[in-house]
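Step one of this worksheet: look at the structure below.
Naming follows writing order (A, B, C and D), and every chain is counted from residue 1.
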Amino acid sequence: MVPTDLAEALAEAGRRMDARNWVPGSAGNLSARIDNGRIAITRSGVHKGRLKASDVIAVTYDGAAVTEGHKPSAETLLHCQLYRLFPPVGAVLHGHSVAATVLSAQGAITFSNYEILKAFGFATHEIDVVLPVYENDQDIARLAAWIEPLLLREPPIGYAIAGHGVYAWGTSVEHAFWRLEALEFLLQCELERRQLT
Amino acid sequence: MVPTDLAEALAEAGRRMDARNWVPGSAGNLSARIDNGRIAITRSGVHKGRLKASDVIAVTYDGAAVTEGHKPSAETLLHCQLYRLFPPVGAVLHGHSVAATVLSAQGAITFSNYEILKAFGFATHEIDVVLPVYENDQDIARLAAWIEPLLLREPPIGYAIAGHGVYAWGTSVEHAFWRLEALEFLLQCELERRQLT
Amino acid sequence: MVPTDLAEALAEAGRRMDARNWVPGSAGNLSARIDNGRIAITRSGVHKGRLKASDVIAVTYDGAAVTEGHKPSAETLLHCQLYRLFPPVGAVLHGHSVAATVLSAQGAITFSNYEILKAFGFATHEIDVVLPVYENDQDIARLAAWIEPLLLREPPIGYAIAGHGVYAWGTSVEHAFWRLEALEFLLQCELERRQLT
Amino acid sequence: MVPTDLAEALAEAGRRMDARNWVPGSAGNLSARIDNGRIAITRSGVHKGRLKASDVIAVTYDGAAVTEGHKPSAETLLHCQLYRLFPPVGAVLHGHSVAATVLSAQGAITFSNYEILKAFGFATHEIDVVLPVYENDQDIARLAAWIEPLLLREPPIGYAIAGHGVYAWGTSVEHAFWRLEALEFLLQCELERRQLT
């Protein structure tokens, strides 16, 4: 049901995220758009750094598993939302880095004048870019509903959930990883900057 | 005496802990339950990141080596205690991370509102979870005896020994590693948070 | 057009930089001198940690692609300048480390009494060495023109662009990597030193 | 001239040190005792993380290369001294970690109550252990002469050279690496502790 190349691309992205310590335990989730009706997403309860092809399952845009018995990621609706709202999005990666978790728990996050901001399509580094931080909520449907107008009003470079982690997306799994890598780089810069005495 | 698959699982966990710099020198120890009478545990005086099958030996629940001449880990009784008190426990991992060592020497450790806390079975992130910090003691039997009522009264998500490191456990070696990974992630978040100016 | 060994050396340097998290996303660029008329440089828009031979293209000393349709790195002129000004230079590496990005955004950077400074040809450690920090500028030609007299007046051990990253060079790709590694080591030391309370 | 197994053990130790970023550029040096008359040590000007068998040469206890034309490490006399003073020493490893470099430049270093101190033969963790910090000196013969009485009076667990790095030793290359690993762990703990706000 899930194209082999897509499952392999997600497994590889998971290994790269694991190498950076962004998917501790069974945390994090990765997805990619299959077509107009289905999304490939990691199953719940597996280590995202050691994914097998069978750990990537197909879900509908409503977040329901296509195959009975499959248990998709608890955060599936947050992925589906991005594919629904933004047609160019081909993949979504969610990880838990120390920087993202610590900073998002502190409050607002703004990146100012970093060259790396150009990775998100900005033409210049002379800019202040806000990374939205949303309150965490165990009711994912409620969280997604609350986020939706915010995403539409001002499409962000990604977003963080307080004390939780970040969501990044791109046109493909590879492109999404570049965006996640750039975002985590910015977060690490901010963390280190805020530790200067 | 030690099932091959169990020895290999422990050797692999040791390599993963070593990749994170959690087993410097000959520090740390790893174990898994074999059956009602025996536990597999790493020998004393070997590097836990480079374990051979012969470095994993069998001990009784009293911590005595099953095969004469084998020298089990100095901290064997701390492992045995967990298997005895908590029947679901299938594996116990003890490592020395910088975060665990530095924070445990500072005093009490509480994790508040971290999403990753759900890795320990909590239903929500809106919670304050204490990681017990026990005073270090070279007399392991005495330390185990002192810890026992504390473990029974309020089974923790794991525990730290001051200036020493952490103990984490799970239903299998893989599950124990996820729990250790999540615990070390929380400790690293706390360390970084306490370094913000 | 680009000698195979040179392309492979650059791809390997890119992997080593990626292993250190110095080339997030498509950031960074690497080059090597081919001969009096051409320079090999990484294409724009590729991940420098996963370079294929076809990702390394030839440009003239004016920064123009030798083969039509090739899109060289946006920062090509900064590389060409170094080859033009300093005949011994055989390779130039540009990366984005967290330390370089954070410190360069803070202002001036001076390394005092570090033994590693000897990697740059100094005979002693008892010395204060300035790492120039230049203002970032999206107009690379303008930036190169502004830097040129500064480079000539006092050839530095490398330089940083504020909020961006560092440029390091050497007589070969391997030697340039050693210089970059030493420079990043110094930057990390400074970052940690400035975080002491 | 240098036994193959010894050269390979040193090359492997170099790779492990490089994986920890302890040998930036051509910094650091590694040695092992061959017999009563000769020591195997890394050549000057090579990357210690990528040693070939030919990069490990034999020197006498006076630090002179056994084979004409070989250029031993600039710091050879510091290695020879340890073999001469302490018969049990079988290997000496010198690396440049960020923690060692930053802390040694700050002044005295004392490790208090760390469990890992037992890696150096202490029976308890309830102890304060000083890591000697010697002033850096480009005249290695003079530095060695100055250190000698200090080493004899109170044989340390290792030592640091200010703004430079650490020396660690053991009965074999493997044992020396364990000691270096434990020492670097302690230094990293101290660095992080001193960054707490």
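Please note the rule applied: a residue touches a chain if its C-beta (ideal position, glycine included) is under 8 Å from a C-beta of that chain, and two chains touch if they have at least 3 such contacts.
Because the structure is predicted, anything quoted here is derived from the model rather than measured.
Participant: Over the chains that touch one another, what is the least number of steps taking chain B to chain D?
Facilitator: Shortest path length, in steps: 1.
Participant: Shared interface numbers for chain C and chain D above half of all numbers used, same, or below, different?
Facilitator: different
Participant: What chain is the most remote from chain C, judged by the mean position of CA atoms in each chain?
Facilitator: Relative to chain C, the chain with the farthest C-alpha centre is B.
Participant: Nearest 5 degrees, what's the C-alpha rotation angle taking chain B to chain C?
Facilitator: An angle of 180 degrees brings one copy onto the other.
Participant: If you average the Cα atoms of chain A and of chain D to get two centres, how far apart are those centres in Å?
Facilitator: Distance between chain centres: 44 Å.
Participant: When the centre of a chain is set as the mean of its C-alpha atoms, what distance in Å lies between chain A and chain B?
Facilitator: Chain centres of chain A and chain B, defined by C-alpha means, are spaced 31 Å apart.
Participant: Counting only residues that touch at least two other chains, what does the list for chain A look like?
Facilitator: In chain A, 195-197 touch at least two other chains.
Participant: Sort out for me which residues of chain B touch chain D in the complex.
Facilitator: Of all residues in chain B, those touching chain D are 21, 24-27, 47, 96, 98-99, 101-102, 105-106, 136, 138, 161-165, 191, 194-197.
Participant: Write out the stretch or stretches of chain C touching chain D in their complex.
Facilitator: It is residues 20, 113-116, 119, 123-125, 174, 178-179, 181-182, 184-185, 188-189, 192-193, 195-197 of chain C that touch chain D.
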